[in-house]
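Per-chain numbering from 1; labels A, B, C and D assigned in written order.
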Amino acid sequence: MSEKAAFEAGIKLAALFHQFIGAPVSPENAELLERAMESCMRLQPYVVEAEVRINRKKLEKALSSYGYTSLTPEMLYAKVSVEVEGERAVAVMEWDEEKNYPLMRLL
Amino acid sequence: MSEKAAFEAGIKLAALFHQFIGAPVSPENAELLERAMESCMRLQPYVVEAEVRINRKKLEKALSSYGYTSLTPEMLYAKVSVEVEGERAVAVMEWDEEKNYPLMRLL
Amino acid sequence: MSEKAAFEAGIKLAALFHQFIGAPVSPENAELLERAMESCMRLQPYVVEAEVRINRKKLEKALSSYGYTSLTPEMLYAKVSVEVEGERAVAVMEWDEEKNYPLMRLL
Amino acid sequence: MSEKAAFEAGIKLAALFHQFIGAPVSPENAELLERAMESCMRLQPYVVEAEVRINRKKLEKALSSYGYTSLTPEMLYAKVSVEVEGERAVAVMEWDEEKNYPLMRLL
(Lines give C-alpha, C1' and ligand atoms only; values in the text may rest on other atoms or scores of the structure.)
Protein backbone atom coordinates (compact mmCIF):
# COMPACT_ATOMS: atom_id res chain seq x y z
CA MET A 1 0.00 0.00 0.00
CA SER A 2 1.22 3.50 -0.77
CA GLU A 3 0.57 6.71 1.13
CA LYS A 4 -1.36 8.04 -1.82
CA ALA A 5 -3.62 5.00 -1.93
CA ALA A 6 -4.23 5.29 1.81
CA PHE A 7 -5.05 8.99 1.38
CA GLU A 8 -7.57 8.23 -1.33
CA ALA A 9 -9.22 5.50 0.71
CA GLY A 10 -9.69 7.92 3.60
CA ILE A 11 -11.29 10.46 1.29
CA LYS A 12 -13.86 7.96 0.06
CA LEU A 13 -15.06 6.82 3.48
CA ALA A 14 -15.40 10.33 4.89
CA ALA A 15 -17.14 11.57 1.75
CA LEU A 16 -19.74 8.84 2.14
CA PHE A 17 -20.29 9.53 5.82
CA HIS A 18 -20.62 13.29 5.66
CA GLN A 19 -22.69 13.30 2.49
CA PHE A 20 -25.33 10.82 3.58
CA ILE A 21 -25.66 10.94 7.36
CA GLY A 22 -29.08 12.46 8.01
CA ALA A 23 -30.77 11.06 4.89
CA PRO A 24 -34.30 9.69 5.39
CA VAL A 25 -34.15 5.90 5.54
CA SER A 26 -36.48 3.00 6.32
CA PRO A 27 -36.52 -0.72 5.59
CA GLU A 28 -38.32 0.22 2.35
CA ASN A 29 -35.59 2.29 0.74
CA ALA A 30 -32.50 1.01 2.57
CA GLU A 31 -31.35 -1.15 -0.30
CA LEU A 32 -31.91 1.57 -2.89
CA LEU A 33 -29.95 3.95 -0.70
CA GLU A 34 -27.11 1.43 -0.34
CA ARG A 35 -26.87 1.08 -4.12
CA ALA A 36 -26.96 4.85 -4.63
CA MET A 37 -24.24 5.37 -2.03
CA GLU A 38 -22.08 2.70 -3.65
CA SER A 39 -22.60 4.34 -7.04
CA CYS A 40 -21.37 7.63 -5.61
CA MET A 41 -18.25 5.96 -4.20
CA ARG A 42 -17.50 4.18 -7.48
CA LEU A 43 -17.50 7.42 -9.43
CA GLN A 44 -14.64 8.80 -7.41
CA PRO A 45 -11.06 8.51 -8.65
CA TYR A 46 -9.15 5.26 -8.08
CA VAL A 47 -12.07 3.29 -6.59
CA VAL A 48 -12.08 -0.33 -7.73
CA GLU A 49 -14.65 -1.69 -5.29
CA ALA A 50 -17.20 -0.23 -2.92
CA GLU A 51 -19.67 -1.81 -0.56
CA VAL A 52 -22.16 -0.01 1.65
CA ARG A 53 -24.48 -1.62 4.14
CA ILE A 54 -27.12 -0.22 6.45
CA ASN A 55 -27.58 -2.35 9.55
CA ARG A 56 -31.24 -3.41 9.40
CA LYS A 57 -31.53 -4.29 13.10
CA LYS A 58 -30.26 -0.90 14.17
CA LEU A 59 -32.44 0.73 11.54
CA GLU A 60 -35.58 -1.01 12.86
CA LYS A 61 -34.76 0.06 16.40
CA ALA A 62 -34.27 3.67 15.40
CA LEU A 63 -37.54 4.09 13.47
CA SER A 64 -39.67 7.06 14.48
CA SER A 65 -43.42 6.87 14.79
CA TYR A 66 -43.51 8.00 11.15
CA GLY A 67 -41.93 4.71 10.07
CA TYR A 68 -38.51 6.05 9.06
CA THR A 69 -35.49 7.71 10.59
CA SER A 70 -32.37 9.67 9.61
CA LEU A 71 -29.32 7.66 8.59
CA THR A 72 -27.03 7.52 11.64
CA PRO A 73 -23.34 6.69 12.10
CA GLU A 74 -24.34 3.67 14.20
CA MET A 75 -26.03 1.88 11.31
CA LEU A 76 -23.61 2.65 8.47
CA TYR A 77 -20.93 0.21 7.26
CA ALA A 78 -18.72 0.75 4.23
CA LYS A 79 -15.71 -0.89 2.65
CA VAL A 80 -13.73 0.59 -0.18
CA SER A 81 -10.79 -0.56 -2.30
CA VAL A 82 -8.74 1.96 -4.21
CA GLU A 83 -5.82 1.50 -6.53
CA VAL A 84 -3.36 4.29 -7.24
CA GLU A 85 -0.42 3.70 -9.57
CA GLY A 86 -0.56 -0.02 -8.98
CA GLU A 87 -0.78 0.27 -5.21
CA ARG A 88 -3.94 -0.82 -3.47
CA ALA A 89 -5.53 0.26 -0.18
CA VAL A 90 -8.58 -1.25 1.43
CA ALA A 91 -10.42 0.54 4.21
CA VAL A 92 -13.49 0.04 6.31
CA MET A 93 -15.85 2.26 8.26
CA GLU A 94 -17.75 0.54 11.03
CA TRP A 95 -19.40 1.58 14.26
CA ASP A 96 -17.15 0.85 17.24
CA GLU A 97 -19.32 0.26 20.31
CA GLU A 98 -16.52 0.78 22.79
CA LYS A 99 -15.31 4.02 21.30
CA ASN A 100 -18.91 5.11 20.54
CA TYR A 101 -17.51 6.13 17.18
CA PRO A 102 -17.75 5.38 13.45
CA LEU A 103 -14.20 4.12 13.19
CA MET A 104 -12.47 4.24 9.82
CA ARG A 105 -9.40 2.07 9.40
CA LEU A 106 -7.05 0.64 6.80
CA LEU A 107 -7.12 -3.14 6.46
CA MET B 1 -54.02 24.72 0.67
CA SER B 2 -53.43 25.13 4.38
CA GLU B 3 -50.52 26.75 6.15
CA LYS B 4 -49.53 23.40 7.57
CA ALA B 5 -49.45 21.78 4.15
CA ALA B 6 -47.36 24.67 2.81
CA PHE B 7 -44.98 24.30 5.77
CA GLU B 8 -44.54 20.59 5.12
CA ALA B 9 -43.91 21.15 1.41
CA GLY B 10 -41.15 23.63 2.23
CA ILE B 11 -39.54 21.13 4.59
CA LYS B 12 -39.37 18.48 1.89
CA LEU B 13 -37.70 20.61 -0.77
CA ALA B 14 -35.07 22.03 1.56
CA ALA B 15 -34.34 18.61 3.04
CA LEU B 16 -33.64 17.26 -0.43
CA PHE B 17 -31.41 20.17 -1.38
CA HIS B 18 -29.26 20.30 1.72
CA GLN B 19 -28.95 16.54 2.06
CA PHE B 20 -27.80 15.80 -1.47
CA ILE B 21 -26.00 18.85 -2.86
CA GLY B 22 -22.36 17.79 -3.16
CA ALA B 23 -23.04 14.11 -3.89
CA PRO B 24 -20.88 12.54 -6.61
CA VAL B 25 -22.91 12.29 -9.80
CA SER B 26 -22.35 11.39 -13.46
CA PRO B 27 -24.55 10.32 -16.37
CA GLU B 28 -23.99 6.76 -15.11
CA ASN B 29 -25.60 7.07 -11.70
CA ALA B 30 -27.89 10.06 -12.23
CA GLU B 31 -31.02 7.98 -12.58
CA LEU B 32 -30.20 5.84 -9.56
CA LEU B 33 -29.58 8.98 -7.56
CA GLU B 34 -32.90 10.47 -8.71
CA ARG B 35 -34.75 7.36 -7.56
CA ALA B 36 -32.92 7.32 -4.22
CA MET B 37 -33.69 11.00 -3.64
CA GLU B 38 -37.35 10.43 -4.46
CA SER B 39 -37.44 7.48 -2.06
CA CYS B 40 -36.10 9.72 0.70
CA MET B 41 -38.76 12.35 0.02
CA ARG B 42 -41.56 9.75 -0.02
CA LEU B 43 -40.64 8.48 3.43
CA GLN B 44 -41.28 11.84 5.00
CA PRO B 45 -44.64 12.63 6.61
CA TYR B 46 -47.55 13.73 4.40
CA VAL B 47 -45.79 13.24 1.06
CA VAL B 48 -48.12 11.86 -1.60
CA GLU B 49 -45.92 12.42 -4.65
CA ALA B 50 -42.29 13.26 -5.28
CA GLU B 51 -40.31 13.79 -8.44
CA VAL B 52 -36.61 14.56 -8.67
CA ARG B 53 -34.71 15.29 -11.84
CA ILE B 54 -31.06 16.00 -12.54
CA ASN B 55 -30.61 18.15 -15.64
CA ARG B 56 -28.46 16.01 -17.93
CA LYS B 57 -27.23 18.87 -20.11
CA LYS B 58 -26.00 20.83 -17.13
CA LEU B 59 -24.54 17.65 -15.68
CA GLU B 60 -22.56 16.95 -18.86
CA LYS B 61 -21.20 20.48 -18.91
CA ALA B 62 -20.10 20.30 -15.30
CA LEU B 63 -18.16 17.04 -15.53
CA SER B 64 -14.60 17.12 -14.22
CA SER B 65 -11.73 15.41 -15.98
CA TYR B 66 -12.52 12.41 -13.74
CA GLY B 67 -15.87 11.93 -15.50
CA TYR B 68 -18.14 13.01 -12.68
CA THR B 69 -18.97 16.08 -10.62
CA SER B 70 -20.70 17.09 -7.38
CA LEU B 71 -24.45 17.59 -7.51
CA THR B 72 -25.06 21.35 -7.82
CA PRO B 73 -28.10 23.56 -7.23
CA GLU B 74 -28.09 24.48 -10.95
CA MET B 75 -28.88 20.95 -12.07
CA LEU B 76 -31.44 19.88 -9.47
CA TYR B 77 -35.21 19.98 -10.03
CA ALA B 78 -37.81 18.64 -7.62
CA LYS B 79 -41.56 18.67 -7.25
CA VAL B 80 -43.41 17.48 -4.19
CA SER B 81 -47.07 17.10 -3.25
CA VAL B 82 -48.06 16.84 0.38
CA GLU B 83 -51.43 16.34 1.99
CA VAL B 84 -52.12 17.34 5.57
CA GLU B 85 -55.57 16.84 7.06
CA GLY B 86 -57.17 16.83 3.65
CA GLU B 87 -55.37 19.95 2.45
CA ARG B 88 -52.84 19.63 -0.32
CA ALA B 89 -49.79 21.72 -1.23
CA VAL B 90 -47.62 21.31 -4.30
CA ALA B 91 -44.21 22.92 -4.49
CA VAL B 92 -41.32 23.03 -6.89
CA MET B 93 -37.59 23.72 -6.65
CA GLU B 94 -35.96 24.87 -9.85
CA TRP B 95 -32.90 26.87 -10.77
CA ASP B 96 -33.80 30.47 -11.57
CA GLU B 97 -31.26 31.87 -14.03
CA GLU B 98 -32.12 35.50 -13.37
CA LYS B 99 -31.95 35.22 -9.63
CA ASN B 100 -28.95 32.85 -9.84
CA TYR B 101 -30.80 30.84 -7.23
CA PRO B 102 -32.49 27.46 -6.61
CA LEU B 103 -35.92 28.95 -6.19
CA MET B 104 -38.50 27.01 -4.19
CA ARG B 105 -42.12 28.02 -4.68
CA LEU B 106 -45.66 26.87 -4.04
CA LEU B 107 -47.73 26.12 -7.12
CA MET C 1 -49.78 33.79 8.93
CA SER C 2 -49.85 33.15 5.20
CA GLU C 3 -49.19 29.93 3.30
CA LYS C 4 -46.11 31.48 1.77
CA ALA C 5 -44.69 32.44 5.15
CA ALA C 6 -45.36 28.92 6.44
CA PHE C 7 -43.65 27.46 3.37
CA GLU C 8 -40.58 29.61 3.91
CA ALA C 9 -40.38 28.69 7.60
CA GLY C 10 -40.42 25.00 6.70
CA ILE C 11 -37.59 25.52 4.21
CA LYS C 12 -35.38 27.13 6.83
CA LEU C 13 -35.72 24.39 9.46
CA ALA C 14 -35.13 21.54 7.04
CA ALA C 15 -32.17 23.32 5.44
CA LEU C 16 -30.53 23.63 8.85
CA PHE C 17 -31.16 20.02 9.75
CA HIS C 18 -29.96 18.40 6.55
CA GLN C 19 -26.98 20.70 6.13
CA PHE C 20 -25.49 20.27 9.57
CA ILE C 21 -26.47 16.86 10.93
CA GLY C 22 -23.24 14.87 11.04
CA ALA C 23 -20.93 17.83 11.72
CA PRO C 24 -18.18 17.22 14.30
CA VAL C 25 -19.21 18.82 17.59
CA SER C 26 -17.99 18.92 21.19
CA PRO C 27 -18.52 21.20 24.18
CA GLU C 28 -15.56 23.21 22.82
CA ASN C 29 -17.04 24.28 19.49
CA ALA C 30 -20.77 23.94 20.20
CA GLU C 31 -21.29 27.66 20.66
CA LEU C 32 -19.31 28.55 17.55
CA LEU C 33 -21.32 26.03 15.59
CA GLU C 34 -24.59 27.47 16.93
CA ARG C 35 -23.58 30.95 15.80
CA ALA C 36 -22.49 29.69 12.38
CA MET C 37 -25.76 27.80 11.92
CA GLU C 38 -27.75 30.89 12.91
CA SER C 39 -25.74 32.98 10.46
CA CYS C 40 -26.65 30.55 7.69
CA MET C 41 -30.34 30.76 8.55
CA ARG C 42 -30.28 34.55 8.68
CA LEU C 43 -28.89 34.81 5.16
CA GLN C 44 -31.89 33.07 3.71
CA PRO C 45 -34.80 35.07 2.28
CA TYR C 46 -37.47 36.44 4.64
CA VAL C 47 -35.76 35.38 7.89
CA VAL C 48 -36.16 37.97 10.63
CA GLU C 49 -34.95 35.91 13.58
CA ALA C 50 -33.11 32.62 14.03
CA GLU C 51 -32.03 30.74 17.09
CA VAL C 52 -30.12 27.48 17.18
CA ARG C 53 -29.20 25.52 20.27
CA ILE C 54 -27.29 22.32 20.79
CA ASN C 55 -28.41 20.47 23.91
CA ARG C 56 -25.26 20.27 26.05
CA LYS C 57 -26.46 17.40 28.24
CA LYS C 58 -27.24 15.23 25.25
CA LEU C 59 -23.98 16.30 23.65
CA GLU C 60 -21.97 15.24 26.71
CA LYS C 61 -23.70 11.87 26.79
CA ALA C 62 -22.99 11.24 23.11
CA LEU C 63 -19.26 11.99 23.18
CA SER C 64 -17.01 9.33 21.70
CA SER C 65 -13.73 8.30 23.27
CA TYR C 66 -12.15 10.95 21.02
CA GLY C 67 -13.95 13.70 22.93
CA TYR C 68 -16.40 14.74 20.23
CA THR C 69 -19.33 13.34 18.29
CA SER C 70 -21.41 14.01 15.17
CA LEU C 71 -24.27 16.45 15.49
CA THR C 72 -27.45 14.38 15.92
CA PRO C 73 -31.16 15.16 15.52
CA GLU C 74 -31.64 14.46 19.23
CA MET C 75 -29.49 17.39 20.33
CA LEU C 76 -30.55 20.05 17.83
CA TYR C 77 -33.12 22.79 18.58
CA ALA C 78 -33.99 25.66 16.27
CA LYS C 79 -36.54 28.43 16.08
CA VAL C 80 -37.05 30.67 13.09
CA SER C 81 -39.25 33.66 12.33
CA VAL C 82 -39.91 34.65 8.75
CA GLU C 83 -41.87 37.52 7.30
CA VAL C 84 -43.26 37.43 3.78
CA GLU C 85 -45.26 40.37 2.45
CA GLY C 86 -46.15 41.48 5.95
CA GLU C 87 -47.20 38.02 7.11
CA ARG C 88 -45.14 36.29 9.77
CA ALA C 89 -44.60 32.63 10.55
CA VAL C 90 -42.71 31.22 13.50
CA ALA C 91 -41.60 27.60 13.57
CA VAL C 92 -39.62 25.32 15.81
CA MET C 93 -37.65 22.12 15.40
CA GLU C 94 -37.25 20.06 18.54
CA TRP C 95 -36.64 16.45 19.36
CA ASP C 96 -39.87 14.66 20.27
CA GLU C 97 -39.09 11.80 22.65
CA GLU C 98 -42.39 10.02 22.10
CA LYS C 99 -42.25 10.15 18.35
CA ASN C 100 -38.48 9.53 18.37
CA TYR C 101 -38.36 12.30 15.81
CA PRO C 102 -37.00 15.82 15.19
CA LEU C 103 -40.45 17.38 14.98
CA MET C 104 -40.84 20.63 13.07
CA ARG C 105 -43.98 22.63 13.75
CA LEU C 106 -45.54 26.04 13.26
CA LEU C 107 -46.21 27.98 16.43
CA MET D 1 4.77 10.24 6.36
CA SER D 2 3.00 6.98 7.15
CA GLU D 3 0.09 5.36 5.39
CA LYS D 4 -2.04 5.85 8.46
CA ALA D 5 -1.28 9.56 8.60
CA ALA D 6 -2.10 9.89 4.90
CA PHE D 7 -5.36 8.01 5.45
CA GLU D 8 -6.36 10.33 8.29
CA ALA D 9 -5.53 13.42 6.26
CA GLY D 10 -7.78 12.23 3.45
CA ILE D 11 -10.62 11.66 5.90
CA LYS D 12 -10.43 15.21 7.18
CA LEU D 13 -10.56 16.94 3.80
CA ALA D 14 -13.44 14.87 2.49
CA ALA D 15 -15.39 15.26 5.73
CA LEU D 16 -15.11 19.04 5.42
CA PHE D 17 -16.17 19.06 1.79
CA HIS D 18 -19.18 16.78 2.05
CA GLN D 19 -20.41 18.24 5.32
CA PHE D 20 -20.40 21.88 4.31
CA ILE D 21 -20.89 22.13 0.54
CA GLY D 22 -24.34 23.67 0.10
CA ALA D 23 -24.28 25.78 3.27
CA PRO D 24 -25.66 29.33 2.91
CA VAL D 25 -22.75 31.77 2.69
CA SER D 26 -22.19 35.45 1.96
CA PRO D 27 -19.41 37.98 2.61
CA GLU D 28 -21.16 38.60 5.95
CA ASN D 29 -20.80 35.15 7.46
CA ALA D 30 -17.87 33.76 5.46
CA GLU D 31 -15.35 34.30 8.23
CA LEU D 32 -17.62 32.82 10.88
CA LEU D 33 -18.19 29.81 8.66
CA GLU D 34 -14.44 29.41 8.10
CA ARG D 35 -13.84 29.40 11.86
CA ALA D 36 -16.66 26.92 12.45
CA MET D 37 -15.35 24.60 9.73
CA GLU D 38 -11.85 24.76 11.19
CA SER D 39 -13.23 23.97 14.63
CA CYS D 40 -14.92 20.87 13.22
CA MET D 41 -11.68 19.71 11.63
CA ARG D 42 -9.69 20.28 14.82
CA LEU D 43 -12.00 18.06 16.85
CA GLN D 44 -11.21 15.06 14.72
CA PRO D 45 -8.53 12.56 15.77
CA TYR D 46 -4.86 13.34 15.02
CA VAL D 47 -5.43 16.84 13.65
CA VAL D 48 -2.69 19.25 14.70
CA GLU D 49 -3.52 22.14 12.37
CA ALA D 50 -6.44 23.11 10.16
CA GLU D 51 -7.03 26.06 7.89
CA VAL D 52 -10.15 26.73 5.85
CA ARG D 53 -10.64 29.60 3.44
CA ILE D 54 -13.55 30.68 1.30
CA ASN D 55 -12.42 32.52 -1.83
CA ARG D 56 -14.07 35.94 -1.53
CA LYS D 57 -13.82 36.84 -5.22
CA LYS D 58 -15.53 33.65 -6.28
CA LEU D 59 -18.06 34.12 -3.51
CA GLU D 60 -18.93 37.62 -4.71
CA LYS D 61 -19.36 36.40 -8.26
CA ALA D 62 -21.66 33.58 -7.21
CA LEU D 63 -24.06 35.67 -5.11
CA SER D 64 -27.73 35.29 -5.95
CA SER D 65 -30.13 38.21 -6.08
CA TYR D 66 -30.84 37.43 -2.42
CA GLY D 67 -27.29 38.43 -1.47
CA TYR D 68 -25.95 34.99 -0.62
CA THR D 69 -25.24 31.66 -2.25
CA SER D 70 -24.55 28.02 -1.39
CA LEU D 71 -20.97 27.07 -0.56
CA THR D 72 -19.48 25.53 -3.72
CA PRO D 73 -16.43 23.37 -4.39
CA GLU D 74 -14.94 26.19 -6.51
CA MET D 75 -14.61 28.57 -3.56
CA LEU D 76 -13.42 26.21 -0.84
CA TYR D 77 -9.77 25.81 0.19
CA ALA D 78 -8.52 23.74 3.10
CA LYS D 79 -5.23 22.58 4.50
CA VAL D 80 -4.85 20.04 7.27
CA SER D 81 -1.94 18.58 9.21
CA VAL D 82 -2.33 15.34 11.08
CA GLU D 83 0.07 13.42 13.25
CA VAL D 84 -0.32 9.71 13.89
CA GLU D 85 2.19 7.88 16.06
CA GLY D 86 4.83 10.50 15.40
CA GLU D 87 4.29 10.54 11.64
CA ARG D 88 2.89 13.65 10.04
CA ALA D 89 0.87 14.17 6.86
CA VAL D 90 -0.14 17.50 5.36
CA ALA D 91 -2.83 17.71 2.72
CA VAL D 92 -4.62 20.38 0.78
CA MET D 93 -7.94 20.69 -1.02
CA GLU D 94 -8.06 23.31 -3.72
CA TRP D 95 -10.09 23.92 -6.83
CA ASP D 96 -8.21 22.80 -9.96
CA GLU D 97 -9.37 24.88 -12.92
CA GLU D 98 -8.01 22.50 -15.53
CA LYS D 99 -9.51 19.41 -14.02
CA ASN D 100 -12.70 21.31 -13.06
CA TYR D 101 -12.36 19.54 -9.76
CA PRO D 102 -11.79 20.12 -6.02
CA LEU D 103 -8.46 18.33 -5.97
CA MET D 104 -7.23 16.88 -2.69
CA ARG D 105 -3.54 16.05 -2.49
CA LEU D 106 -0.78 15.23 -0.04
CA LEU D 107 2.00 17.80 0.23
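Criterion: contacts are C-beta pairs under 8 Å (C-beta built on N, C-alpha and C of every residue); 3 or more make two chains touch, one makes a residue touch a chain.
None of the values given here were measured: they were computed from a predicted structure.
Participant: Where are there more C-beta contacts: A-C or A-B?
Facilitator: A-B
Participant: Among C-D, A-C or B-C, which pair gives essentially the same interface as B-D, with more than half of the residue-number contact pairs in common?
Facilitator: Among C-D, A-C or B-C, the interface that shares over half of its contact pairs with B-D is A-C.
Participant: Can you work out the whole-Å distance between the CA centroids of chain A and chain B?
Facilitator: Going by mean C-alpha positions, chain A sits 23 Å from chain B.
Participant: Mind checking the centre-to-centre distance between chain A and chain D? Centres are C-alpha means, answer in whole Å.
Facilitator: A distance of 21 Å separates the two centres.
Participant: Residues of chain C touching 2+ other chains?
Facilitator: 15, 17-19, 22, 66
Participant: Please output the residues of chain C touching chain B within their complex, sorted ascending.
Facilitator: 1-19, 89, 91, 104, 106
Participant: Under the stated contact criterion, what part of chain D meets chain C in this complex?
Facilitator: Those in contact with chain C are residues 15, 19-20, 22-26, 28-29, 32-33, 35-36, 39-45, 66-68.
Participant: Can you check the complex and tell me which residues of chain B touch chain D?
Facilitator: So the residues of chain B touching chain D come out as 17-18, 21-22, 62-66, 69-70, 72-73, 98-102.
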